[in-house]
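Below, subunit A partners subunit B and then partners subunit C, in two separate complexes.
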Partner chain A sequence: MNTTRRQVLMFAGGSAVGVLFTPAPWRLITDTALWSENWPGIPAPARGEIRTRFTNCPLCTAGCAVRARCVGDQPVELAGVGGHPFSRGALCPFGIVGHHLPYLPGRVKEGPVKEAAAAAADGIAKCRSSEFVATLDLRPGRTASWTYRRAMKAIKNGRYVAPSVDTQVAVDLSKARTVLSFGVPVLDGWGTPGNVNSARAGFRLIQIDPVESRTASMADRWLRVRPGSEDALAEALAGQIPHAAAADASGLTVSEIAALSKELEQNGPVLVLGSSQLESTAGTVVARRETPVPDEWKKAAPATALASLPDRSVRVLLIDESMPGGYLPWNAIARKLVADNPVVVTFACSREGYARHANYALPVGVYPEVAGDIPASIDSVAAAFRIAAPLVSPPHGTVNPEAFIAAAAGLSIGDTLRERADAIHKSGRGTLFTYADRKSQAVKIVTADDFWKALNAGGCWIDEPAAKASAARLTFAAPAQQQVEESELPLAIVVTRELAPGLPLLSKVYQESNLRLAPGRVALNPACGLEDGSPAVFETLLGKCSVGVTLDSGIPPGVVQVSGTPALLDLCGDGARAKVVRA
Partner chain B sequence: MTPGRTIPFLAGVAVALGAGWLAFPRVIYRSRPEPVNFSHKIHADKAGAKCEDCHAFRDDGTFAGLPTLDKCAGCHAAPMGTTAAEKSFIDNYVTPNREPQWAAYARQPENVSFSHAAHVKRAKMACQTCHGNTGASDTLRPYQIDRISGYSRDIWKTPGTPHGMKMADCVACHRGQGLEHSCLDCHK
Partner chain C sequence: MTSANKPIRSARYGMTIDVDRCSGCGACIVACAVENNVPPAHEGATDRKGLTWIRVYKVDNGAEYPDRRTAFVPVMCQHCGNETPCVHVCPQQAVDIDPATGVVGEMPQRCLGCRYCMAACPYHARYFNWWDPAWPAGMEKTLNPGVTPRMRGVVEKCNLCHGRWHAAKEAAAAAGKPDTEPVEYTPACVEACPAGAIHFGDLNDPASVVAKEAAETESFRLLEKLNTQPKIYYRSRNSWVRQIAAAPRPGAGKEKNRG
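Coming up: the complex of A and B.
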């Protein structure tokens, strides 16, 4: 029997009609609709018991108390802990989204751990008498910092390098009636948000700032000065130079400076932030006691400033950037490295920082995956000890920088956090505040095990006030020197002080809202001749890179505001001037 | 239409009907065995268990869903009978402390938010309203899952043909009760 084309078409037509009377096409429509709403790319919420757990946020030195709502073992919402004696229930926007950190797309997830350990050991063995093995700790004052100091003590020519942070000086905002800030972001990530907010009504904030920063916009008074003239203004207020000289440098009028001087005189006590040229009134800056440590730790190596190391002297450099902290421009570090094959190992969660320059970038656990303590913040008069207790497990393959550096130095360590907690407990000082019941009790009446357990379940040790508060002095780094003629690099650089350079939390919000400068962006006055959002080239004495331009009328002509991302901070370095040209 | 044309047409209709009604359901669903052929009836009759004894609400008001091994092992630490299902459960799950991976017939897709607390505690609905006679069943029905949507074929557990739960079922019930029904009630 021959099958004709017509018969095939009739069969197909019959099939098409017949299939309409079956559930198949309708089922497929329903199924594909359901599939499109549930395909694997759509994140599904966790299922499980809803629990509340407590920890502390280590994203900055404030270390705010955190209440985590967890579904099963997964934190889904972070909030502050009401009734906390210092953070007072507040949590900043970064802290609120801190549980997103483990899932960042650009996270370093694997690294050559064995190769890095072998290279570090080889470098240490080959270190000559004039060379150093250094650990750069960007977040000094932690228990891990003590381990680094001990490890560097155990190594011949070991040096512990840290940014110049004095962990034993604090400011007492409650004692100040006026806060005179030279560019310090007092209301934007400087101290503990809850403490600053609660003290805010008690002091008048005068912000000296070249640009209309967020703190400047919220200050009681904002005085716009020329970039780099802050010290001249401070010297005039201290009576060291005539007001007229400061007026010439800063762009303020003599009468404005005189009025400011009179106001500081009449409305004391005055807390001065951001300038070492002007003294704060006694009592607003106090010495803070050290959080107790085991006696055997006290023989550790002291902190060394990077600048004090000779150039071309560091053979092995181990950088802990696992916790958000300060940032030293790479050019300042690079010139300290030996010329022939230095070994640089960095412990990082992101490749945006020193991982761009290191020989080895090793993955680390991030908040809230790993335990670590948080030193007391600048505005905490009493010493404190709180642990960022982990809420989730770190991924396989991450490295503990503390264990890595101790092993490289041949230092045997145990549970250092527990040892520190035991030393605090042994001192018998202070109180333990537990978050779940919001109660304080004297450390003396708590057993060592209960103290440790409470710290890991969300708890905070707060030192008792010293019997007699001793005066102290805040020190600030000198402003960068201008090294070139204005005609070559016509723009003065003002760096936005970021909470954590390179930390990409909320960066999408920046890019879409422009509330903060997004990574890789610079802000210029609208009269600069460039278009908003246009690509441009940012150039300093140290190099150049591509940036995006944001036009902001809060930026005066002749100034460029730079987002505090590592790639741009590296270019700023010691140079205070730049130019931005159309790409 | 001549027979030469009619026969191929009708043959096409017949083949499509056969494929659509007989072959398609076998292809679109795949079956998955349950860990144990659990008898709700035995637990209800002999142990006097009620639904909420095993399918409990947590202290925070959320519904715990299927019981975990801890709950089962509370009674079945040692065999409580001589049936094959009992022996299998003890040997494969209780003794090695291995969590049984029960297949949940009524679990909604991720795009739907369903609150047991709202329906059982606030609206005082009986479990049987949605889950049929599950509590009286002596065996578990085959668990069939849609290969494309991932949705269980049988939710209502009514006798006869398996019947899934669609949005129209939810809407019909809400309308019957005179309740608000906006998209965001369930698709949050």
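Coming up: the complex of A and C.
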């Protein structure tokens, strides 16, 4: 029998149709889904005993209380501690993913520790009488900061440099009926989220902002002004210049300024944030008592502003950027360094900050690997002491900046956190709040050992209110002056609050949705002539770099909003203007 | 163990979201991703191809400054209670409604990735897993052991933190409570919201906060005209915000890569 091609095709076709009437293909499809579920490429969550541990988040000055759900010792989920008297169970997006910080892509994991120590020692030995050894502390007010101050005191020509943050001044949001904010992100990272939200119903928020920031959009009233005109508006409200002059500068109308002035008069007390030109009503800004320290620490070096150091005078610079904090543009630092072979050592977890410029970038332990304390935040009237207790071990090879700098200065230190806790306990002031049972008890009735254990197991010390709150004054840095013609650099710069350094899950809020400006991007008005998402070059007097463009109708023409990443902040130092051109 | 004599009281879990309190911080998005083992964005992900079980849209009233007003609207699966569109169209029965909780669930093991449910969902609250789930080296240690990561090629969505509900059921059983009563638990987004804008509870319980808030005049639901009976209620004092409920998708626009 001969088999024709027609018969073969008929058999194949019939088989194909027939098999559809059997369960086989449908079963195969279902099984395909099941097989793919077990792909080896899909990571399996760790198994182990589920435990709850407590700590405090050191990623900003809020220091929110944290409840960590752990598998074994590994935290897998962070949440706030309900019932906390100040943070009130709240945690910001950064704090929620804080346990991912040890796995930061691009983390500095190794560095030339011995070489850096030798270079620092050599630099200190060679330091001339007109030169300085400086420690730049981006998070002043910590116990480590006291060590840096003591170390700089121990070194001849030592200087402790910190951003101008007055840790002894606080604002009392509960006393304010109106908050007048000049560009301060009151509802977006300023202060303690839980405290600000709980006080929010008690005050009317007026936001003066060139762009529609998150706080501006949530404020009771948003006044859009021209960038750089905030001081003129504040002076007009203070009666120092005519309303018409402020109107010319800010772009507001005279009647708007008059109405605002009247509102501030009628709806006090008024808390003014972001401007030193206008006084807050008495009682809304208070002097906070100092968290006790051992007596022998008080002979430490005072804080020095970077600007007050002579140019070309710093021979050795040690930078602690182990915790996210303020950022000083590199050009402001670089001009303070001596011309011939300065030694710059930075303690960093990421290479995106000063590690790009330093001679030595040394790896450090990060939250939640290492212990450290968190000074009271700006909106905390009472002093506080919280310890970010470690939950996991730091990787081998990391350096403790406090020990490194103390050793460089020949200063012998012990367990400084314990010494500080003992000093607080010895003062007998305040209460201890423990997170596991949410109870407060007077420090006086707790032993020093129990106090220390409680601070490390999830607890905080809150000072008792001063018998009489003394008035204080907030100080703010003056905005950078425009030094170039608008035709050269047509855009005024507005910098957004910095996001966490590249934490992967935060991509949800800027890449997979449009909530925040992504690192390395600038936002412009849609009429700027560039396309959304297109690459561009951002240029200021200080240099230029590649950026991505985001178009946002909340940005007025003539303004560029930049994400607060170090590479962009370095370019925004003294030049308040920029241009963005197609790449 | 279920008592044979006592009927099971069904819950109807739902949420109320106070839009006026939402600051758009993104804590709910991030907390949801941590709780449910949603991987970080792939480098090719955009706001259309991303994987976020809850997404916060920025909306405005369309006016220019000084009349411009902005609000943030968190949108997740609305857990439709009537003619649930995604259930109807799924060829694999991978989507179902739990009669005990009213939660619309998704079974990734059954999902073929045909995305009919995505096309059917009027709220754009379902997301396709375009890439293999991947975490940076070491970060897989931080995965939540109570939730299985899903594979590439399936659709994912909010299940009101089913893992937490399950843990609450187990805890209730261990405490000797009858399993005929709904359990109390808190989804991750509710717990994370620093502004306290999201409330969660049993809409069938008239004493619950959500039932009371849902009944208030300033409450509304998205696309109410479709009569899908969502269990997510929104609240706002601003009439222009209430009107966005009729829009097909808050903040709709062209695809953008923000990464």
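By our rule, the second predicted complex is superposed on the first by the 530 of 583 C-alpha atoms of A that agree within 3 Å, B and C clash if a C-alpha of one lies under 4 Å from a C-alpha of the other, contacts with A are read in each partner's own complex, and residues count from 1 in each chain.
Heads up, the rule we're going with is that a contact is a pair of C-beta atoms (placed from the backbone, for glycine too) under 8 Å apart; a residue touches a chain by one contact, two chains touch by 3 or more.
Here the structure is a predicted model, which means the values were calculated and not measured.
Student: Based on the superposed arrangement, let me know which partner A:Glu49 touches: subunit B (first), subunit C (second), both, or neither?
Tutor: Only subunit B is touched by A:Glu49; subunit C is not.
Student: Just checking: does A:Asp295 make contact with subunit B only, subunit C only, both, or neither of them? Give me first, second, both or neither.
Tutor: So A:Asp295 meets neither subunit B nor subunit C here.
Student: For A:Asp340, is the partner it touches subunit B (first), subunit C (second), both, or none of the two (neither)?
Tutor: Touch status of A:Asp340: no partner.
Student: Just subunit B (first), just subunit C (second), both, or neither: which does A:Asp437 touch?
Tutor: After superposing on A, A:Asp437 lies clear of both subunit B and subunit C.
Student: In the superposed arrangement, does A:Phe11 touch subunit B (first), subunit C (second), both or neither?
Tutor: Only subunit B is touched by A:Phe11; subunit C is not.
Student: Could you figure out whether subunit B or subunit C reaches more residues of subunit A?
Tutor: Subunit A has more residues touched by C than by the other partner.
Student: On the A-aligned overlay, A:Tyr510 touches which partner chain: subunit B = first, subunit C = second, or both, or neither?
Tutor: After superposition on chain A, A:Tyr510 lies in contact with subunit C alone.
Student: With both complexes overlaid on chain A, does A:Arg27 touch subunit B (first), subunit C (second), both or neither?
Tutor: After superposing on A, A:Arg27 lies in contact with subunit B but is clear of subunit C.
Student: Where on subunit A do the contacts from subunit B and from subunit C line up?
Tutor: Common interface on subunit A, subunit B vs subunit C: 30, 34, 37, 42, 44-45, 47, 50.
Student: Which residues of subunit B touch subunit A in the complex?
Tutor: For this pair, the touching residues of subunit B are 4-5, 8-17, 19-21, 24-25, 28, 58, 60, 62, 64-65, 109-111, 146, 148-151, 166.
Student: Touching residues of subunit A toward subunit C in the complex: what are they?
Tutor: Residues 29-30, 33-34, 36-37, 39, 41-48, 50, 71, 74-80, 90-93, 96-97, 99-100, 102-105, 187-188, 193-194, 197, 212, 214, 217-218, 222, 224, 504-516, 518, 521, 532-533, 548, 550, 553-554, 556.
Student: Taking the complex as given, what residues does subunit A use to touch subunit B?
Tutor: Of all residues in subunit A, those touching subunit B are 6-8, 10-19, 21-24, 27-28, 30-32, 34-35, 37-38, 42, 44-45, 47, 49-51.
Student: Spell out the part of subunit C that touches subunit A in their complex, as residue ranges.
Tutor: Listed in rising order, the residues are 21, 23-27, 29-31, 33-35, 37-38, 40-41, 45-47, 50-52, 55-58, 60, 65-66, 68-72, 92, 108-112, 132-154, 188, 191-192, 194-196, 251, 254, 256-259.
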